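Heads up, the thing below is written out as structure tokens.
Labels run A, B, C, D and E following the written order; every chain starts at residue 1.
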Amino acid sequence: MNSNVEGVVNCAAYSEGCRIATIPVEAISDHLLEPNRFVWIGLHDPSGSILKQIQEEFQLHELAIEDALRAHQRPKLETYGETLFIVVRTVQMNYESRELDFGETHFFVGKNFIVSIRHGYSRAYSEVRARCESTPQLLRKGPGFALYAVMDSIVDGYFPVIDELGQELEVLEERIFSEKPSREMTKQMYDLKRQLVEVKRAVSPLIDVCTRLMRFDLEVIPEDTRPYFRDVYDHVIRINEMVDSTREILATALEANFSLVSISQNEIQKRFAGWAAILAVPTMIAGIYGMNFKFMPELDWQYGYPVILSIIVIACGLIYSGFKRAGWL
Amino acid sequence: MNSNVEGVVNCAAYSEGCRIATIPVEAISDHLLEPNRFVWIGLHDPSGSILKQIQEEFQLHELAIEDALRAHQRPKLETYGETLFIVVRTVQMNYESRELDFGETHFFVGKNFIVSIRHGYSRAYSEVRARCESTPQLLRKGPGFALYAVMDSIVDGYFPVIDELGQELEVLEERIFSEKPSREMTKQMYDLKRQLVEVKRAVSPLIDVCTRLMRFDLEVIPEDTRPYFRDVYDHVIRINEMVDSTREILATALEANFSLVSISQNEIQKRFAGWAAILAVPTMIAGIYGMNFKFMPELDWQYGYPVILSIIVIACGLIYSGFKRAGWL
Amino acid sequence: MNSNVEGVVNCAAYSEGCRIATIPVEAISDHLLEPNRFVWIGLHDPSGSILKQIQEEFQLHELAIEDALRAHQRPKLETYGETLFIVVRTVQMNYESRELDFGETHFFVGKNFIVSIRHGYSRAYSEVRARCESTPQLLRKGPGFALYAVMDSIVDGYFPVIDELGQELEVLEERIFSEKPSREMTKQMYDLKRQLVEVKRAVSPLIDVCTRLMRFDLEVIPEDTRPYFRDVYDHVIRINEMVDSTREILATALEANFSLVSISQNEIQKRFAGWAAILAVPTMIAGIYGMNFKFMPELDWQYGYPVILSIIVIACGLIYSGFKRAGWL
Amino acid sequence: MNSNVEGVVNCAAYSEGCRIATIPVEAISDHLLEPNRFVWIGLHDPSGSILKQIQEEFQLHELAIEDALRAHQRPKLETYGETLFIVVRTVQMNYESRELDFGETHFFVGKNFIVSIRHGYSRAYSEVRARCESTPQLLRKGPGFALYAVMDSIVDGYFPVIDELGQELEVLEERIFSEKPSREMTKQMYDLKRQLVEVKRAVSPLIDVCTRLMRFDLEVIPEDTRPYFRDVYDHVIRINEMVDSTREILATALEANFSLVSISQNEIQKRFAGWAAILAVPTMIAGIYGMNFKFMPELDWQYGYPVILSIIVIACGLIYSGFKRAGWL
Amino acid sequence: MNSNVEGVVNCAAYSEGCRIATIPVEAISDHLLEPNRFVWIGLHDPSGSILKQIQEEFQLHELAIEDALRAHQRPKLETYGETLFIVVRTVQMNYESRELDFGETHFFVGKNFIVSIRHGYSRAYSEVRARCESTPQLLRKGPGFALYAVMDSIVDGYFPVIDELGQELEVLEERIFSEKPSREMTKQMYDLKRQLVEVKRAVSPLIDVCTRLMRFDLEVIPEDTRPYFRDVYDHVIRINEMVDSTREILATALEANFSLVSISQNEIQKRFAGWAAILAVPTMIAGIYGMNFKFMPELDWQYGYPVILSIIVIACGLIYSGFKRAGWL
């Protein structure tokens, strides 16, 4: 069975934390009847027909299945009877385009099953599943633990992105205070801001999702699994705070940059004024001795020309040193 | 009966989710007495007299009817005894004037009736009604489901508008970083901001409305209809967040634009200063050799003129390349 | 009795919603003893002595009476035993000075009485009282309804003011994008902001006042009067939101204006630079041919002068069209 | 006993609202044993030893005494068993330095005692005490009423300060729109902002303190004293709102000022550009007729000079009136 | 045993508030069995193996131990059964690099033990331990008191840092209003802002931690220890408020600085314009008398040259004094 073609990546039944069989979709409902057994199925961009089948096997609510078909949901947790429907957004830094690629993973979690549905950019969860299978003493806690393992891996995926954005800010910061203000720097700050807003939008609703997973009386999350979700919650809060402080510092960087543009304007004006004065004085003096008056005694002096030249040079020198001292040049 | 003239668009009685008859307004109260039956009436800019009649047929509260006559209410949900009065604002992008056209729809929802009253710009709900009638198994849930269907269609109408505004922002963004700052670009950013504020004002009170519809113990919304309102709630939250992030990015765009105006000012000043220097130097040198001193040996040299000309050209060349290297030209 | 001199504008007893007598202040306590009767008294800038008398007749709390003497209270609702003390601020647009005139009205509301005390700018409530008296079926609900009628009329007084401010903003907006930035425009934006802050301060505490009037278990507001206060609450919320969005748009207008000032600066600089270049080039060329070198062949050419003149004109023409194309002129 | 030397300003026992004796510190514990009696002691910058004695007499908690020794607490209310520990900040405008002087008053309030400890700038409370003693019918309510009297006097001390700051803002506002922008004006706005932040920090925690004094079930504040604290609460809220709106208007004033600086920059540039053009045109024309071409027919015309002079004057006149019309001069 | 090598700094058992023995890690579990005894162990950058041993001795939750291994946690309080896990961030001003060095301390607190784990920059807590041991009457309250003592010392460590930042702001403020705006000043403001954001991030989650320590029903914090945590809470709130007001004033300082940059720009422009005019006028006049017209009567006058020179000097003088009066020079 090339299950991947239909969007099914992996479908297995677990008992006492151990994988007992890879099962076809049609066999799911049979396994669900067995006691102490749960089914974990992973889908990727599933077709409508496979989702329909999934819905029937697990008896999921129609509205939730409609949501699961469409990507671009916001992160949320909804309860349909005893089944949880959870939407989480995944993120990856695309190092080529310097853009963030967002994906989405939806979960259906019931007492004895967990369905994960990946949309768009997102690593497969086979590694997470393997890690879970290697610790049956934890996985025996049930689908709640599997949910934790995948969510934890998704949330941990935000840290390198945030670190990357933080480093971008540091690079920008370095450039702001050492280079001349430029359009490109402004563009980079703008892009960074946009990415922070996007990450914030993906992360902040998770606070609420985690709060409900760790506090509320959701039956599918057993008592002893809740501390794990507190761990996820903690990470989400930290990412959120990192985004917030990066945003705040970026805002100050924007202001600082702006201030530096103005200061640089002042400097340009000062230097321009200084050099304008240095060039204007000889022009003025030369203009005066270029007048055609009949009786201008200086013009007839033998050393008139070198004297005036010297005066010009001295005047320019004085002006230059004056401006230099005032810090204009 | 040309009901539309009086403002009545469609008035029908339903039983078990199936339309059983189109009924005149006068017959409504009779139908309300039948068990397992509900009446769905749609009005458009109704006159006071027809509203008066509606009030009597459904025994609605006077204050609510007064509200229903006036447009320009803010979105809200009010309970009068067991009847809900709901105000929702509709939106449409007017692609000609690039303006947003807002309309209003008021609802009266009781145990066995729903009245929808459209004011101003707003598509008719005949399509929604047709869709409901095609799924009697859902419509049998009663007027609460009809309310959901219309509200869902109204809220979905916000998405294309938000997408449009988001695209406008992207176009603006593109222009900000590629074109020269202009008055017209500032005007566009301002208009975009104004539209975002308007959409926000229309959408944000809906959060509260939906929260009450899906959580509170409102009798006219049956238990099994609430998940549907959670869906509407989810959309409202998403629209709200999209507006908020668009606003935040727009604010940064405004700042970035402002920064670019200043950077462009710097560039103008630099180029001006550079060219001023290049023009001032020959003027100064020429001025000096325009002086009328009797004894200026250079003037008598045979190659004085070409030498000075060359000096001028070289000086200008040096200045030019100096400014070029400094990035001022 | 010229009651107005002492500050008493109107004092009457009502039974079953009908005015039964205009009574002197001294007779109030007698009327209060009668069943099914309430007293409605209106004061305007009352003296301390008349307030003292009122206090005795109605047995009001000393602290509340102290408050009632002083204007410049913030809007609030306080309970003293079973008596409500309410402060509301009234507003009027002074079309001559373009300033807002704020007044204050205080209310004491008990089971069988209502006292209204106007301070400063404020229309008389005789019209409201007349309207109430014309609908005895409503006024029979008691002093709570009278309170509603006056508060409703006060709150409705804010709408024309907000509309006026909104129109001012629109006029400003029009000017910002069509006229040159000016001091006077900045002043107008500042004044508008100040007025919005003032209106906000007068209106926003009313949200809390209305919430308590419509929700809490205040005995003097009978059950069937609460929907009316919900109506007032709704208006207050709307005014509040209108002020908030006007403020937000004004803030963007300030930024846009600022951006336009800078853009206009850029334009001035560009045009200045352009014309400076056009004037500097002939000066430079003329300077060169003003040099006194013995051997300058061009000077002796017969057509040297017209050729140079043509060169100057052509150079200026080229520079002009170059700047024109670059959008600097 | 020169009690003031040790920091004791006034120590008296009261019974039924009447002062019965000025007592030494050592006798306090004896008086506390008497029924229907309370002790009111006022300290000013007390030494550690006298505080130690106070602690023993009233049996106060060690942590609270430590707090009472140190100034620079933030306003707060803490309960130690049945004893309240309250910190309030006092303020005075220093009209010489135009600075705000903040002081602190700490209170210990028990069922039958009140201790007030003043630190730093603060008027003595002898006047408040005298006023209380003159109304024994109120003071008989106990230490809670004494606490109200002192807190009320402290809070009332904020109004003149806020009024002063509000007037400063009005003066600034006047100057911003009538004078040239200056460093000193910016400094004043900055200082005003700083003072507003300081007042806010001193006042805003009082909201919480008053809320607890008027609502919570604190045994030492008798039922009939709570309306008095509501009065204090009301004043605190008003001060808080006044600070907030002053801050908001100040923020707009800062922006307006900034806008005016830019507008003034534009005007300078325009006038400079205008005069530069008026001076550059004659220079250019004169330069042309200063060229040394052999064949320049105009030079030989008899009226060449006056004609050129007239042309120069006319050109300058045209330029001048052109700029005048464009509003640049 | 060189316990420090393995990361164990100090490990002792206490009974009735008195240190009874320094014990090896292996002996901990034996001591925990004794009644009325608690163990206090301090670790510094412990290895994984020692933490493993600690986990076994105290039977700690695996997730908490994982957290304790990694630094860069955010401050938090978590409960694992009856054990508290607390993370607090420590701060020190590095006076050389003018940077803030943050460290972290994790605590495990149980009924009869407290484990403190220091990571990164942080003073040792030996001094705090010594102080506790010198007051056995307090230390007998148990591990809760030891936790208070260390947390109090950590939180007190923030005050000098905040004071330092406050003084930096004052220095900056002084410079802003007395010196010319410079890049370096902008850099300093930016750095100060960044440090404030970092302190805020370290302190603000402590509010929540302290609130839970002083209010909630945590068994390991005995009733009589809670007032001590209220003290810590109070300090945290104060630090938080100090950071907030410093931030707000810094924001205004940034704006003021910006305003001053613009004002300084205006001044440069004015002075430049003034001197340009003073230099341009002689150039223009000299240009006119440098024209080569045959018939220019002034040129033949004997005193033409000195007269023109005087006119030039007078004109410049008039212009100078005019600009001086207008405040441009």
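Here is the rule we use: a residue touches a chain if its C-beta (ideal position, glycine included) is under 8 Å from a C-beta of that chain, and two chains touch if they have at least 3 such contacts.
In this text, all values refer to a predicted model and were calculated from it rather than measured experimentally.
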| item | value |
| --- | --- |
| Intersection of contact partners for subunit A and subunit D | E |
| Least hop count linking subunit B to subunit C through chains in contact | 1 |
| Cα-centroid distance, subunit C relative to subunit E, in whole angstrom | 42 |
| Inter-centroid spacing, subunit B versus subunit A (mean Cα positions, whole Å) | 26 |
| Shared interface positions of subunit D, touching two or more other chains | 258, 262, 265, 269, 272, 276, 280, 283, 287, 290-292, 296 |
| Category of the chain touch graph - line, ring, star, complete, other | ring |
| Cyclic chain order when read starting with subunit A and heading to subunit E | A, E, D, C, B |
| Of subunit A, residues touching subunit B in the complex | 61, 63, 67, 73-74, 76, 78, 80, 180-183, 186-187, 189-190, 193-194, 197-198, 200-201, 254, 257-258, 261-262, 264-265, 268-269, 271-272, 275-276, 279-280, 282-283, 286-287, 289-292, 296, 298-305, 308-309, 312 |
| Complex contacts: residues of subunit D adjacent to subunit C | 173, 177, 227-228, 230-231, 234, 237-238, 241, 245, 248-249, 252-253, 255-256, 258-260, 262-263, 265-266, 269-270, 272-273, 276-277, 280-281, 283-284, 287-288, 290-296, 327 |
